[in-house]
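Can you keep this structure in mind? I'll have questions shortly.
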Amino acid sequence: MLTSRERIIKRASEEIKDGMNVNLGIGMPTLLANEIPETIDVFLQSENGLLGIGPYPYAGEENADLINAGKETVTARAGASFFDNAESFAMIRGGHIDLAVLGGMEVSEDGDLANWMIPGKMVKGMGGAMDLVQGAKKIVIIMDHVNKHGETKVRKACTLPVTGLKVVDRLITDRAVFDFTKDGMVLTEILGNGTIDDIKACTEASFTVSKKLLEGVSKND
Amino acid sequence: MLTSRERIIKRASEEIKDGMNVNLGIGMPTLLANEIPETIDVFLQSENGLLGIGPYPYAGEENADLINAGKETVTARAGASFFDNAESFAMIRGGHIDLAVLGGMEVSEDGDLANWMIPGKMVKGMGGAMDLVQGAKKIVIIMDHVNKHGETKVRKACTLPVTGLKVVDRLITDRAVFDFTKDGMVLTEILGNGTIDDIKACTEASFTVSKKLLEGVSKND
Amino acid sequence: MSAKQVTSMSEIIDVIKDGDTIISGGFGLCGIPEKAILALAEKGVKDLTIVSNNCGVDDWGLGLLLKNHQIKKIIASYVGENKLFETQYLNGELEVELSPQGTLAERIRAGGAGIAGFYTPTGFGTEIAEGKEVKEMDGKMYVLEKAIKGDVALVKAWKGDPYGNLIYRQTARNFNPLAATAGKITIAEVEELVDVGELDPNFIHTPSIYVQHIVEGKSYEKRIEKRTVRKKQLN
Amino acid sequence: MSAKQVTSMSEIIDVIKDGDTIISGGFGLCGIPEKAILALAEKGVKDLTIVSNNCGVDDWGLGLLLKNHQIKKIIASYVGENKLFETQYLNGELEVELSPQGTLAERIRAGGAGIAGFYTPTGFGTEIAEGKEVKEMDGKMYVLEKAIKGDVALVKAWKGDPYGNLIYRQTARNFNPLAATAGKITIAEVEELVDVGELDPNFIHTPSIYVQHIVEGKSYEKRIEKRTVRKKQLN
């Protein structure tokens, strides 16, 4: 049985398709890189100026001039390119990144995202998150469905300062997958063993349930 | 005795100093390149993407990929660099060009310049002229003092559509040199054989005469 | 590998439709996407809006599309090398928007970079600023200029790889890297298509992400507009 | 040749005065102008405004200037790696302006390029947009962000020539080419100073025009912030 983190990563990795240019956020999203099958040819972008992140270097081959946005030593794959930060964010802001997978603190039913600061705690800064949510063609947020106190992170409205308004396309939690459409927030998949009612119980946001999921659930019943 | 064109070019070439980055406009200004003494180390910028224009190529060595802003085949000097047009105009607009020498159709006493179109004639476009007059640290305009009908090109106000307002730092004609200062337009040199009254007679713009010139004239008398 | 490489321009030129906005690289006849222009002239799509610093000459470059009456509007900074242009402009067939060269370059860059508009000092107080918003910032006057995006961008590079990484040669770079970023679809033609890994990742001018299709062109004409030379000095 | 080359950083660092705004290249500890920062720490100029994506760590990079209480204000996108920062911020000694990373890069570029401001979608509807002008363009909301210029820019490159042409290595490029354009005075430090003509003019990252002083640094530390490796696989 998968841990909740493994469940999120496994499901999120299915978002990555052949030929895509993808930006993976710092933290859990970075782990997705290990899940990309070798049959798929993808360019991972690092906002500090690299298109085509490769695996971590072998011990002893670390290179201070070659890091990712999380400041980890990395390598560059064949066909990679280096560029400055203005060019990097031209790619991001200009809509050239097919997919960005980012961590979240809260997501609202309108697709608002909060993931950069907690009032009262020290401000660290938003880095490239505000640019990414405005620029990438598809924004997938991955996060636990509830916090360590059991409170939902899927909100009617964000209580934390937002990173962007109406920017989330898909939310993947350890319990469910939601899409944000012009008709509102839609539950499309259940991950793990919950029922639709279980998901409703741990979700403050209002959402509808996709036809496909309803049919699938009734079949399974 | 110098022709009026030679007089302009000779005087304008004195504006070019060691270590400068200089943009020479299409036409007469381009000829200045031949007048730069070898003791002076200068980078000539071409707004199509070259810093460090060299001499024309030897016959048989022309290269279609290496032209100046006038679309002439050129070479690149040692220490040159190539770049795209956005970078080229970042240099120009951002105030990194020490000196631009451009041709003029009319200059006004406020330092307005008209040099890009004549109403009723076919519009060719302004190319990089409007960017250059706003961006270069010093704008020197070279032109004949009067047109072929004997009418002054040094105006109270431009009659032709302007390229920029209050952009000219120095005007060099075949008859005189003017500076545009916060105290207005100042006649600083007479080229050729004219008197101050001669210059006044062929100039519609109001100007004062520099102390240095007044003293020099009285000494010569 | 995701296939961006096509074997001929005619294979891919059909992505361009009547009424499209096309951003073309090139300065004068230097670095122009000559194979794409020839394919477009052959295909005969109409009512194009062309964004390009210049419009070719009467019998080469974008002038070929003028000759065929395929262009409805052109956004350029200098069109003085093209006589067909004058005729079509004067008889009202051709719409023209002049943009100062640096502004044009920056507008295309902005289009590719997701910047909606920017304040430039260029053109303040001139005809070019008429109808545009102006703003005083830090005591200087600026004009608001807006981004340009294209349905298709046509780009000519020196070398490229199958992923679409590109390098340009000398002043043939000009507007090409900017155009490459600003097309919904960017078609790159190269003089030489090299294997993946042959281009040094540290010196790529256009990263692969901007390019959707790449094709190697054969026997480039690379016409010279003004052949200027000096005499060989005798020793 | 006009001499831009100096023999040591201490020879030139005096151009920086109390109260100056300094734009520094680097991302994390990668590509930071370490010799210039050391010279600044030694010289002890005060009340600096620092523009940099990050602020170093407690004992390296710009953190050294924090330690010395030389910084009055910092404009950055992420400062989470530096504990000194927190202390000085909380006791009111340090003023902080957070700018999203892409916006920060673009503001510095704008400063160097003579663009006074630009409309970006980044930060719309967030705290970052508070007090800033917003505008709807083509149905999307944008925030007006303003250019940043520095009294001095500090840049670290891989190789440079005596004119100041620079190339950077891999991701050590980051903010360096942008910073280089935006200083009234730009000081470049390089790992290797090469002869004029050794750098290929087709692949210069920072053209000489942006650089006023260049110095070769000895024995760069180039500290690694997060050493991540994989195990060598046995054959």
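Order of writing sets the labels: A, B, C and D. Residues in every chain begin at 1.
FYI, a contact is a pair of C-beta atoms (placed from the backbone, for glycine too) under 8 Å apart; a residue touches a chain by one contact, two chains touch by 3 or more.
Here the structure is a predicted model, which is why all the values come from computation and not from measurement.
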item: Partner chains that subunit B and subunit D have in common; value: C
item: Of A-C and A-D, pair with higher C-beta contact tally; value: A-D
item: Chain whose Cα centroid lies at the greatest distance from that of subunit D; value: B
item: Length of the line joining the C-alpha centres of subunit A and subunit D, rounded to whole Å; value: 29
item: Distance between chain centroids, defined by C-alpha means - subunit C, subunit D (Å); value: 32
item: Between subunit A and subunit B, centroid-to-centroid distance (C-alpha), Å; value: 56
item: Intercentroid distance (Cα basis), subunit C paired with subunit A, Å; value: 36
item: Residue list for subunit B, restricted to those that touch at least two other chains; value: 76, 82-83, 86, 89, 92-93, 134-135
item: Where subunit C touches two or more other chains, by residue; value: 106, 109, 113-115, 120-121, 168-170, 201-202
item: Contact footprint of subunit B on subunit C as seen in their complex; value: 27-31, 53, 76-81, 86, 89-90, 96, 98, 100-106, 108-109, 120-128, 158, 168-178, 205, 222-232
item: Complex interface listing, subunit C residues touching subunit D; value: 106, 110, 113-121, 135, 137-138, 140, 142, 146, 167-170, 201-203
item: Of all residues in subunit C, those that touch subunit A in their complex; value: 1-2, 109, 111-115, 161, 163, 165, 181, 196-197, 201-202, 204, 207-210
item: Subunit D-facing residues of subunit B, complex; value: 18-19, 21, 41, 43, 45, 51-52, 76, 78-83, 86-87, 89-97, 134-135
item: Subunit B residues within the subunit C interface of the complex; value: 46-50, 55-68, 70-74, 76, 82-86, 88-89, 92-93, 122-131, 134-135, 161-165
